[in-house]
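Both of the next two complexes hold chain A, though its partner changes from chain B to chain C.
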Partner chain A sequence: MSAVAAVAATVDGPRTKRRWKPIVGGGLLGILALFMLVGPLISGYDPNATDLTARFSGPSAEHWLGTDDLGRDLFTRMAVGGRMTILIALGAVALASAIAVPLGLLTGYLGGWVDLAVMRVVDLFFAIPTLLVAIGIVGIFGPSFTTTMLALGLAFWPFYARLVRSAVVGVRDLAYTDAARVIGAGRWRIIRKEIVPALLPLLIVQTTVLLGFAVLDEAGLGFLGLGVQPPDASWGSLLAQSRGFVLSHPWIGVIAGVPILLVVLGINIMADVLRDRLDPQGAST
Partner chain B sequence: MTEPLLSIERVSHEFGARRALLPGRRTHLAVDDVSLTIGAGESVALVGESGSGKTTLGRVVAKLITPTAGRVLVDGRDVGALSGRELLAYRRTVQMIFQNTQHAFNPRRRIRDILADPYEIHGLPAPDGRDAALGELLERVGLHASMLDRYPHQFSGGQRQRVGIARALSLGPRLIVADEPVSALDVSVQAQVLNLFARLRRELGLSLLFISHDLRAVYFLCERIAVLYQGRLVEVAPRERLLEHPLHPYSRRLIAAVPGLGERDSAEVSQAEAPGPAPAPGVAAESPAAAAGCHYASRCPLYARLGAPERCRAERPALRPAAGGSAVACHFATEGEEPGANVSSVVSEEVG
Partner chain C sequence: MSKRQFRVLAAGLVTAVVLAGCGGGSTSDPAAGDGGGSQPTGPLRMLGVEPTQGFDPSTAFADASRVPMAMMYETLTERDAEGEIVGALAESWEISDDGTVYTFTLRDGIAFSDGSPITAADVVFSFERMKTGEALQAQLATLTSVEAVDDSTVRFTLSGPMSTFPALVGRPANAAILSEAAVSADPDYFTMPTITSGPWSLTEYTPKSQMTFTANEHYFKPPGIETVQVSFNNDPTANAAALESGSADLAGVAYSDAERLKTEGTLQVVQSDQLAPLFWGWDRTKAPFDNKDVRQAVAWAVDREGKQEACWFGTGGVTYGNILRPWDPAYEEINTYQAGSREDALAEAASLLDAAGWVEPDGGGTRVAEGVDGVEDGTPLAFEVPYEGNWPAAECHVQILQQNLQEAGIEVTPRKYDPAAYWGDVSAGAFTMYHGGAGAADSMDLYANWFATGGSLTALTTHLDDPEINAKVTEAQQVDEATSIQIIKELEEWQADELPMLVVGYQWPQVGMTQRVQNYKPGVDADSYTLVEATLSE
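And then the complex of A and B:
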């Protein structure tokens, strides 16, 4: 009993200390979500409507976050662009997971030449920076909302697949998978009943972490002009646009950059919180 | 003699063998040409020090690993190539119980789900409903049906081992491979679990391959004892025979090392026979595969006393029948002739 109490104490200790985390992380994400969802409705502007009389207006009562070089309302564009960025990130992470999770399970559980072959492909991807892979894919298909999503998904899966694989290898050799085999459970049953449940915390946390990376890399691609194309906005493309006026109107860059920072911060804090909740021992990343 | 339930025929298992195609890869011969039979209803113990290959042999029998050489027969049928339905039938014949009760159960599943697995996989009949069947299973191993909704960590080690036994029993096996089932438990609990094994054997006529390094548990539960040393079988003998008249020098040493079994402490045992200081791992690791002769020769007191006979280094001793139903793999160990005979007579007086 005392051992149980001791474990409970070590689990509870840090958790009470970190109670600000879910509030701050959840609060950040909540406010940003609200901003993206209802922002355009309150501001009343069309994100793509130009107004050359109000160029570079700067934050004011009319335009809360000012306007850009064509007089478009930045508050509205940031909200609409945020939706785009988040959709791209979600899609990219979904795609990466759809490839990486089954592949990691398969290679980790089966081992042998399948493992060898897939992991060499993964090694190949590891040798190239993620963003470069994404740039290559955008280069082939041309920049658009869909290709950005595809490119990021395809750039992320190797990292994720290797992670899943190594986690599977760790669970595969535990006595309880042997016990399942002795009982007569087949491969798929063992993967479904013994391995996947053990991986679930890791998968949830990793998906969250990856979401943060996806937002950042979308911004990176957008900044390079390879993301969503004008007149549509995403946070990345807004940041890229702001570069032209960084000397004359630096606040545009700040407005485009800060939400990215906040979203990634919020996501990372929430990933931390999830990790603490789901994996009290902190055994896996 | 009727056909044995299980026969292990010249089984070897070399870890890393498949990858050994590349030069420089190290392999480890865990089990080296072992043959052993278990009759229906018989209980055989596999003893030996850590790393002697006993667990590997147990896992071969449970078909968790495929041996690199040799075969395993159940009811005279080679079980090496079984798959699908036949493999499931084999699982219903041979079950295994694991040493580490903490890892033998998925911590995220309730006992109810864990015990329901065999019913789902094998489509076992449960005439009064599955709940009743699972409850009955738990009661049979001395637990209560009310514990079905607990998670594995809510049990003590001994209780978990009982659940492990229940899981194995659910399939109605004829042979259970028990890999050190009690060595991770408290001594007081060990006795209870051993009693449970004994009772189940009596009631169900189970055969048992009991893997252990605890000679007292083995003596309590098993009729025949097989001694493994670095992957090779050095002696197989009926239980009293082995404990009272061990023939192989290694068996003698093993038995002398148990306090209480032969009350012949340092004074009675000649210096050479006493369990000497454990050799450094590097010494013990002298590759048994490479040794053409007896793999125990370098540590063998008999070899030393006989003046290092050439034969021990040149010829690998085969398991040969000896007095009293024993079989021993040693060129020289014979009760009457060998110089150490006086020691074994001392032992028999004291134990018998």
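And then the complex of A and C:
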């Protein structure tokens, strides 16, 4: 490589690398969203309707992704199951954010006994694996769509709260917040007008990252039989269902697993893109 | 990657998961370090479920406990591989002319696993204990006395004749002969019973992990396999992979795997001929199933061939009224609920539901109550149907039920249930409708234990408490064989019409074995009779 080419690569490299990310990440998520939204409409099948004459039929013109042990159309069930998984993930992240962001803001800004008390509760949650917390909650209230969402939300908030608190601690004593204080701004105004805007990039990126974890954990709970219950489908429950046929009809497991991989990959790439855009100083190359 | 390579890889991965799950803290694992089956001999490695009801034969009635108990406790009689009653600890027995006195003679030289002799006093002790225990209390109600005539002779006196008494004293595990000295000496004896009368002794039990049995050298018929190690695994879908990888020798396998394994031919796959009806149980004390019309409507609406094909991969069979199978002496074909077409069956169901007051709302959908006793008008005909969470075929079956009943305007919500709590909650009457399957040795065993008040499985199946049925069952046990068969036929017809439970077919459990296991055939009940005869190849 010539010196000129090397210099050109150095200059263009990061920009080129950055350019593919929104295309790949956005493309993946866009295609999957389209699949989930219109898939059942174009397939024309009821996701729970059994057809015992068409059990385990492989991918074909009639059933694009084949059928399961009860002859249900896998394309339709994957699309509808994807909706369930994404809704659970969105609900869980929303719940976690609703708890963690206010708590993180309060504890970080106020400090003192409030900080001490809340962070000790957070420490308690840190001592237990996230999925175990979720399993415990599902175990108490029974598996369902709503319980799974609640369980994941309640399992995620401590991590998020700790992150927000740390970020607030880093911002609360900066010159511009001191200036606001000096000119007589109250606590709530400082939090709303000075601190929250400074944290927005972090919150957006963290929420996106959390969404990926929520998808994976929903799949985990579903695989353990603790998520959406049959005959309704989620990606996790479809993966669990495929396990019984992993040796005789392996394509079902592949079909159930690939969308999880793609959506988490897409979310992570988009989280990276958002971080690049919203926090240029810490941008990856 | 070829299909074969994929399967080997997948089998390895699943096995790793199973073994990780089964691995416990035990340091006395006899299979440890055997390299996943590289040793030509050694323990028989079985996969089974944990004995969640413990090892007390007078209280444990679930097969999870009965199967290991039958390995360590022997009974006076037992069923051979063909289901015939033969002597076990008893060499022979005599019946008085009036059929009320049974005199059993014990085998010479029989002993417990510690070498102490098994005497008539131990038999008396065991049956007196059984009479107050939950498992056989009801069936031993007619036993008025049990006495030791001498060291090897026991006399049972009944209040009336009972032709099934020799079978009753051979009920695997529950009719166990215990060591009076061992049980009396240790209040915690049943936590880890070591002095026992069966073919093997329990030598190690690690909860949540495994148990190990060692052959009882004093047993009258030495087992062909010295050591049996049972690893606990609640996931039958992983069993085939464990067998294929060589990390287990014997396990029940899922029906989907059984078909594949039979085709591939690398493992032995045999099926049990046990009478094991599949049924829907229900709460007949309240709406909607207090009305026979509703029960019969469901009987019309369920698709029996479909579920057998989809969930049991075509094994077993279906029934449209009978419980017994065609080769049972008391079988007489009943096809009450067989329709010419699906449309005809649904029409029958609709007519019965209309008559019961569950009517189709304008625009269709789930039926609603209209004039149903104790039910507010407009209440939808909807309920949950729980099933055992570790039984894949049950999950499949409930989903098919949901589709079937939806077509009849009944809304079913499947509910995966904790297996450890399932049968306890069934017994407590917690469910409106539920999925079930259980085994019986023969027709008399079935009607005595499923239909008579206090039968060992009545609370789990029919929930019957009907003096007329009790009298019929008792009579069937007291009369000659031909009359008994006639009474059972009448009971078959009665249940097909009344539907105290809805039997829709049978399952024939599939057992997979590596080629190391020789001479093994699943028995007709929970006993270890056929396992005693099994051997391991060099």
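What we mean here is this: the second predicted complex is superposed on the first by the 266 of 285 C-alpha atoms of A that agree within 3 Å, B and C clash if a C-alpha of one lies under 4 Å from a C-alpha of the other, contacts with A are read in each partner's own complex, and residues count from 1 in each chain.
Assume a residue touches a chain if its C-beta (ideal position, glycine included) is under 8 Å from a C-beta of that chain, and two chains touch if they have at least 3 such contacts.
This is a predicted model, so every value here is computed, not measured.
Peer 1: After aligning the two structures on chain A, examine chain B and chain C and state clash or fit.
Peer 2: Aligned through their shared chain, the two binders fit side by side on chain A.
Peer 1: Considering only touches as defined above, state whether A:Asp69 meets chain B (first), chain C (second), both or neither.
Peer 2: Only chain C is touched by A:Asp69; chain B is not.
Peer 1: Return first, second, both or neither, reflecting whether A:Ala198 touches chain B, chain C, both chains, or no partner chain.
Peer 2: first
Peer 1: For A:Leu87, select first, second, both or neither according to whether it touches chain B, chain C, the two together, or no partner.
Peer 2: The answer is neither, since A:Leu87 touches no partner chain.
Peer 1: Name the contact category of A:Leu262: first (chain B only), second (chain C only), both, or neither.
Peer 2: A:Leu262 sits against neither chain B nor chain C.
Peer 1: With the two complexes superposed on chain A, say which partner A:Leu247 touches: chain B (first), chain C (second), both, or neither.
Peer 2: Second partner only.
Peer 1: With both complexes overlaid on chain A, does A:Val169 touch chain B (first), chain C (second), both or neither?
Peer 2: Neither: A:Val169 stays clear of chain B and chain C.
Peer 1: Should A:Val133 be classified as contacting the first partner (chain B), the second (chain C), both, or neither?
Peer 2: In the superposition, A:Val133 contacts neither chain B nor chain C.
Peer 1: After the superposition on chain A, what is the angle at the C-alpha centre of chain A formed with the C-alpha centres of chain B and chain C, rounded to the nearest 10 degrees?
Peer 2: 140
Peer 1: For the combined overlay, can you note the least CA distance between chain B and chain C, rounded to whole Å?
Peer 2: 43 Å.
Peer 1: For chain A, what residues appear in both contact lists, the one with chain B and the one with chain C?
Peer 2: On chain A, no residue contacts both chain B in one structure and chain C in the other.
Peer 1: Residues of chain B touching chain A in their complex?
Peer 2: The contact residues of chain B facing chain A are 59, 62-64, 87-88, 91-92, 95-96, 98-100, 103-106, 108-109, 117-118, 121-122, 164, 167-168, 171.
Peer 1: Show me the residue ranges of chain A that touch chain C in the complex, using the header's touch definition.
Peer 2: 48-50, 52, 55, 69-71, 143, 225, 229-231, 243-248, 250
Peer 1: Any idea which chain A residues touch chain B in the complex?
Peer 2: Spelled out, the residues of chain A in touch with chain B are 174-176, 178-186, 189, 193-194, 197-198.
Peer 1: Quick one: which bits of chain C touch chain A in the complex? Just the residue numbers, please.
Peer 2: Residues of chain C touching chain A: 3, 6-7, 10-11, 14, 237, 240-241, 244, 254, 256-257, 259-260, 303, 306, 309-310, 389, 392, 395-396, 398-400, 402-403, 414-416.
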